[in-house]
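First chain A sits with chain B, and in the next complex the same chain sits with chain C.
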Partner chain A sequence: MNGYIFPFTLAFTALSVVGALLRPASDLVNLALLASVALVSLGRIPTSWRSGLLAVLALTLTLLLRLNPGDKLAFYGLLGVLIACFLLPNLPTLVRVALGTAILFISVPIAGLTNSFLFELGIQIGIFAALALGLNVVVGQAGLLDLGFAAFFAIGAYTWGIFGSPQAAQFIEGFPAGGLPGNYLYLFMALAIITAAITGVLIGLPALRLRGDYLAIVTLGLGEVVRVLANNLDKPLNITNGPQGITPVNRPEVGFLTQFLQAIGAEQVYGKPIDSYITYAFFFYLLVLLVIGVVILVNIRLANSRFGRAWVAIREDEIAAKAMGIPLLPTKLLAFATGAAFSGIMGAIFAAKQTFVSPESFTLQASINILAFVILGGMGSIGGAVVGAAAVTVLNIGLLKDFSDLLNTWRQTGVTILGYNMANLPPQLNPAKYERLVFGLILILMMIFRPEGLIPEQRHRVEMQEARQEAKEGGSK
Partner chain B sequence: MTLGDLVAILPQTVLEGLLLGFVYAMVALGYTMVYGVLGLINFAHSEVFMIGAVIGLEVFRFWGNPAAPVIANPFLLLLVALLFAAVGSGFMAVLVERFAYRPLRKRGSKNILVPMITAIGVSFLLQDLTRIYAALRHNEFNMQYRTYEALNQVFELPFQTTIQMKGVLIIAVSVLMLIGLTYLVNRTKLGKAIRAVSQDMQTAALMGINPDVIISRTFLIGGALGGVAGVLFGLLYTNITPYSGVLPGLKAFTSAVLGGIGNIPGAMVGGLILGQLETLSGTYLPFLTNGNFGTEYKDVFAFLTLVLLLLFRPQGIFGQNVSEKV
Partner chain C sequence: MSELALDVQGVTKRFGGLVAVSEVSLQVRAKEIFSVIGPNGAGKTTFFNLLTGIYKPDSGRVVFFGQDITGRSPDWVARNGIGRTFQNIRLFKAMTVLENVLVGHHTHTQQSYFDVLLHTPRFHASERKAKARAMELLAYMNLDRRAEELASALSYGEQRRLEIARALALEPRLLFLDEPAAGMNEQETEDLKTRVRRLRDELGLTIVLIEHDMAMVMSISDRIAVLEYGSKIAEGLPHEVRSNPRVIEAYLGKGAAGQAGGTHAPA
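== the complex of A and B ==
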């Protein structure tokens, strides 16, 4: 069978590329392209061909997106190529970097400048990936189940939200009425790292004396405490403006980006002015990319450092780790603070991007969502956390929403399916709202069938293989 | 408000705390029993509780329509609702154990995070399945319990305290269930088996007890108690949503920890204490802080209690200190 996969994939890819050039707007062509991305990734393609095929696919999909910016399937295909070029083994590093950079900095902006939904999706994925990477340090590497992780995201968001908006003037006399100018965001991104890390230590100090399930429930409780505080600190001193939330939060100036877009003649290319909405989407897309890049680098370096090894040691066997001279509490606190810092910085960006902060965004639901990213990707695996965040975000704000729209069209047109008239479908039934169903299913199915995640951490992979080997031997006895 | 007024509302507050406390105590038993046999925080128990409330609501809705009642007597109707909720929730808990937890146990994974994350997943899944049910069946999110005059009848008690008929019923049902459970656990063969499994599963298995059966029965009993508590909770607060199990579930778990998790009388006492803490802080916090910290902080209070307790007496009030074996 394996012998056929290579020529088959090659033929399939060639056919779909030709199809894309002939009929760019057809969904079938898109599906064929998606399928060839999957085949290149899964099929046993000779390594020398992989880079070439991925490049051809990336180019075709980019062309498709340029012709039809609303083409979501092409966007998902591009995402697939991106993930493949980071995760496929035996690709030259130069190809990985070149292809990744080209997709992120050329393909996506080309389409995004006319369809800001793509930027929006990219920003969401980036923010969630940073949160997943933060939680990955705590749950994945150090093995400490934290169910209140959204609290740190909230701290970061409120750090900028309060001072970058008219809110601060409410309780600090003489503070500028409109809040600090948007360009202070860069400073506050650094401050958000610090405040979130400090909160991590403050929550960790009592919580980390406990183990396992107790730790989970206490972090859950403390996470809720942070949300309740955000919800109610509008009196006696109006600090968070309560459930109404804070708005408008200032954004940095993006004059340089507007000038840049003018300089490269974007308006002539697209035949219409690039408005400030899209410019801001582009700006935050770039900012999130930059930050997520740094976060990934720091994560990789940390995982291989003395601390990373200490975390894994604690996860595997706390008592043995202690016996080997690892100071338990400080090392765990460091994991908490590091994870919190990653989500703190994204919190500040999130506040500026939304221009709105409210306690609604930081519920238990949000914490569990982040956990689902980590579990899906594979606990402890850095690539896994990013892929998990991307996959679930696409599923959640892409596919589920599309499904909702589809149901709505059916409802309005009154299509009959299997003898049921869709017009009778209750309006409360809205798949976009059933994210808990999706996250719940992901958590259960992964735990039962693939607890090591989609992209297992190296160490886990070896352990699972050994366990299977043992089970086999045990069964034959 | 003067000090006299504050004292005057105390008996009523304590009484309301008692009602809430009994509901918590019954839910807490489900957590504590499962923790006893499996060492697992069954996050899905809060949804088993919520589903009990929904089942009770449906019984009231279908058989108790005031225009054309199938069962005209509200007391009989309540009894039927309690029975259905107990059976429904009990079997729901058994299903959850069978399909979500047992496969993990059979695989023998040592990682304690795995079953707990599964439990969270089950909890989320059940919430949205209930939501889909409510949307398809009634096209609604908030579900309202029917009210009956006979159940809302008010009795005057000494110290300017009043209690509704349903309050009396809640106390009566809870006390009966708690006595029944104590009898079951301490005096019957099944109870002995449950205690044996929770002490040492392997040794219990060597003595001819099938742990799988006992675990399943434990989920059944805990689920049934949760279902009954759900109906009582619905009677008390009348409004149920697919997500209304979460907070009471968390507080019931807090109660279980308060009493010492795995300890059955502890869970009962813990529930009663937490009920008091919550209503007292909810009533008095706004007065004590001049309205600066409102009733909303009562949840914070419950969680902070949990954190403090875990820090200073992690084994709970009735728990024994167990040192970990290496």
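== the complex of A and C ==
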């Protein structure tokens, strides 16, 4: 059986690629390509062939996207190839880097410049991935359950939101009326790291003296405190503008990017001027990519240092960790501050990207979403945090929306499926209404069938196995 | 008489109405192998926990090489020269054997947060040094060939040895071993005895151990203290303790003491 997988994969991939070249706009061909990506990534085939086939598939999908920028399936295929490069073991580093860079910096922009939704999706994934990576340090590595993580995101967002908008002039006399020019964002990204880290320490100092459930409840409360503060600090001194939020938040100048795009002849290629909306989408896409790259690097470096080892030690056994000379509170605070810093910097970018900051973006729901990314991806695993964020984002603003559009078309055209006229479909069945339900179902299924997450960290897998073993032994007694 | 490594002065610990450790005093000299024995529930482990900072004594003082360490936190005690193992093995089971020892070397791994972020030469140097030291200690405990395996994959005896290697990574001056031979077979115990002696002879460590294996205790210890119901009932050289009537009574029950006819007074 195993012997047939390789030739079958080869044939199937070749067929779908040829199909794509002959009939570029067919959904069937796209689905076949998606299946090929899965087969090539997961099937048992020689590594060199795997690299080659992934490259061919990436190229084909890019071509399809160039021809039809709205082709979502092709985009998901590319995302699949990207995730495969990121996660597959024993793929040569050169292939990994080359393919990943090509997809991120060539394929996505080619399509994104005419369909900014792709950038939007990329930015969204990037921001959530950074948040997930931040929380991953706290919950995944150090084992500290934090239910108020969105607070640090809020701190970062308000750090730039207040000073990069007319808001600061409201309570600081002589401050420039329109706020600081957009280019100060770069400085404020650094400041947001600091303010968020300090908030992390301030929240951590009382909270981290507690353990487990108590810690979770206290962080939940303190996280809410930050949101409630943002909601109410509009009087006596108007610092946050309360529930109305702050707008417009300035964005950096992107003249250099416009010039670059003109220089490489993007306007001729697309046959239309590239407007500032798309340019900004492209800019934030690149900025988020850069930051997420740094965040991943920092995460990996910390995990393989004495700090990362100390965090895992604390997670596994606090008493033994103490007996190894590891001071609990400072080490936990370091994890808290590090995680907070990651979300702080993304907060500042988020504020500039949205040009709007309000307390509504930082509710308990947001904190729980971030935690769900981490759990879904696999606690403690860096790849898991990124994939978890990507999967949920694609599901929420990609797949469910597509499904909703599809249902709408059916409703409007009145197609009959299985004897049921879709025109009678009640509006309650609009997927937007049960997005949470789908999400919840996925989480429940995951917890039943794969509790260690999509891409488990080796250590957590061991812990899970041990727990199961103990449960089994306890049950048989 | 050589330097005092540990000077315990009348430490007492109560849990509610129960006096777990009562007015225990003892002195351990530098480079001595000192055993604490006693029947189950005599308060030996509680006594260890008092000395290593896990519990704070209600009264009494603990002096370590001339420094008062009473009531210090466990991590402070660990950083300042006292390593320990646990009765119910507390390894980081999901980490590799090597990583366990590296955690023990935490304070001696000279890398700051920014060294880690920027991967400075100091980071690489410290990481290399820590790994080399850890491998050396693993080799010392005959575990170097299993460095990359998960700690949970080791056998019981190997896990006990790994706990010792991990404690040694603290570069301590004194090592507390809480029932190091528990669960070991005869050959493993023999091997352990040699290793403990080498720790003292080659590394110059002071070793305090709790042990139930009497053959091991008698052959390895320079001196022995006996606890019963939280109080010290005897202290002395192995042969003195062995023939002490109160000790025999504690272990074998009343009546046994007469037959043994020990005349040595408790220290």
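We take it that the second predicted complex is superposed on the first by the 432 of 477 C-alpha atoms of A that agree within 3 Å, B and C clash if a C-alpha of one lies under 4 Å from a C-alpha of the other, contacts with A are read in each partner's own complex, and residues count from 1 in each chain.
One rule holds for everything that comes next: contacts are C-beta pairs under 8 Å (C-beta built on N, C-alpha and C of every residue); 3 or more make two chains touch, one makes a residue touch a chain.
The shown structure was predicted, so the numbers you read here are calculated from the model rather than taken from an experiment.
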item: Contacts of A:Arg436 with chain B and chain C, given as first, second, both or neither; value: first
item: First, second, both or neither for A:Gly212, with chain B first and chain C second; value: first
item: Chain B versus chain C, judged by how many residues of chain A each one touches; value: B
item: Which superposed partner A:Lys235 touches (first chain B, second chain C, both, neither); value: first
item: Contacts of A:Glu360 with chain B and chain C, given as first, second, both or neither; value: neither
item: Which superposed partner A:Ile319 touches (first chain B, second chain C, both, neither); value: both
item: First, second, both or neither for A:Glu120, with chain B first and chain C second; value: neither
item: Overlap of chain C and chain B interfaces on chain A (superposed complexes); value: 319
item: Of all residues in chain A, those that touch chain C in their complex; value: 298, 301-302, 305-307, 309-310, 312-313, 316-317, 319-328, 334, 458-460, 462-463, 466
item: Residues of chain A defined as touching chain B within the complex; value: 139, 143, 145, 147, 206-207, 209-210, 212-214, 216-218, 220-222, 224-225, 228-229, 231-232, 235-236, 319, 364, 368, 371, 375, 379, 426-430, 433-437, 439-444, 447-448, 451
item: Residues of chain B touching chain A in the complex; value: 40-41, 100, 103-104, 109, 111-118, 120-129, 131-132, 134-136, 139-141, 246, 250, 253-254, 257, 291-294, 296-297, 299-300, 303-304, 306-307, 310-311, 314, 324, 326
item: Touch list for chain C against partner chain A, complex; value: 52, 54, 73-76, 78-79, 83-84, 86, 90-95, 99, 102-107, 109, 111, 113, 116-117, 119, 123, 127, 130, 150, 152, 166-167, 169-170
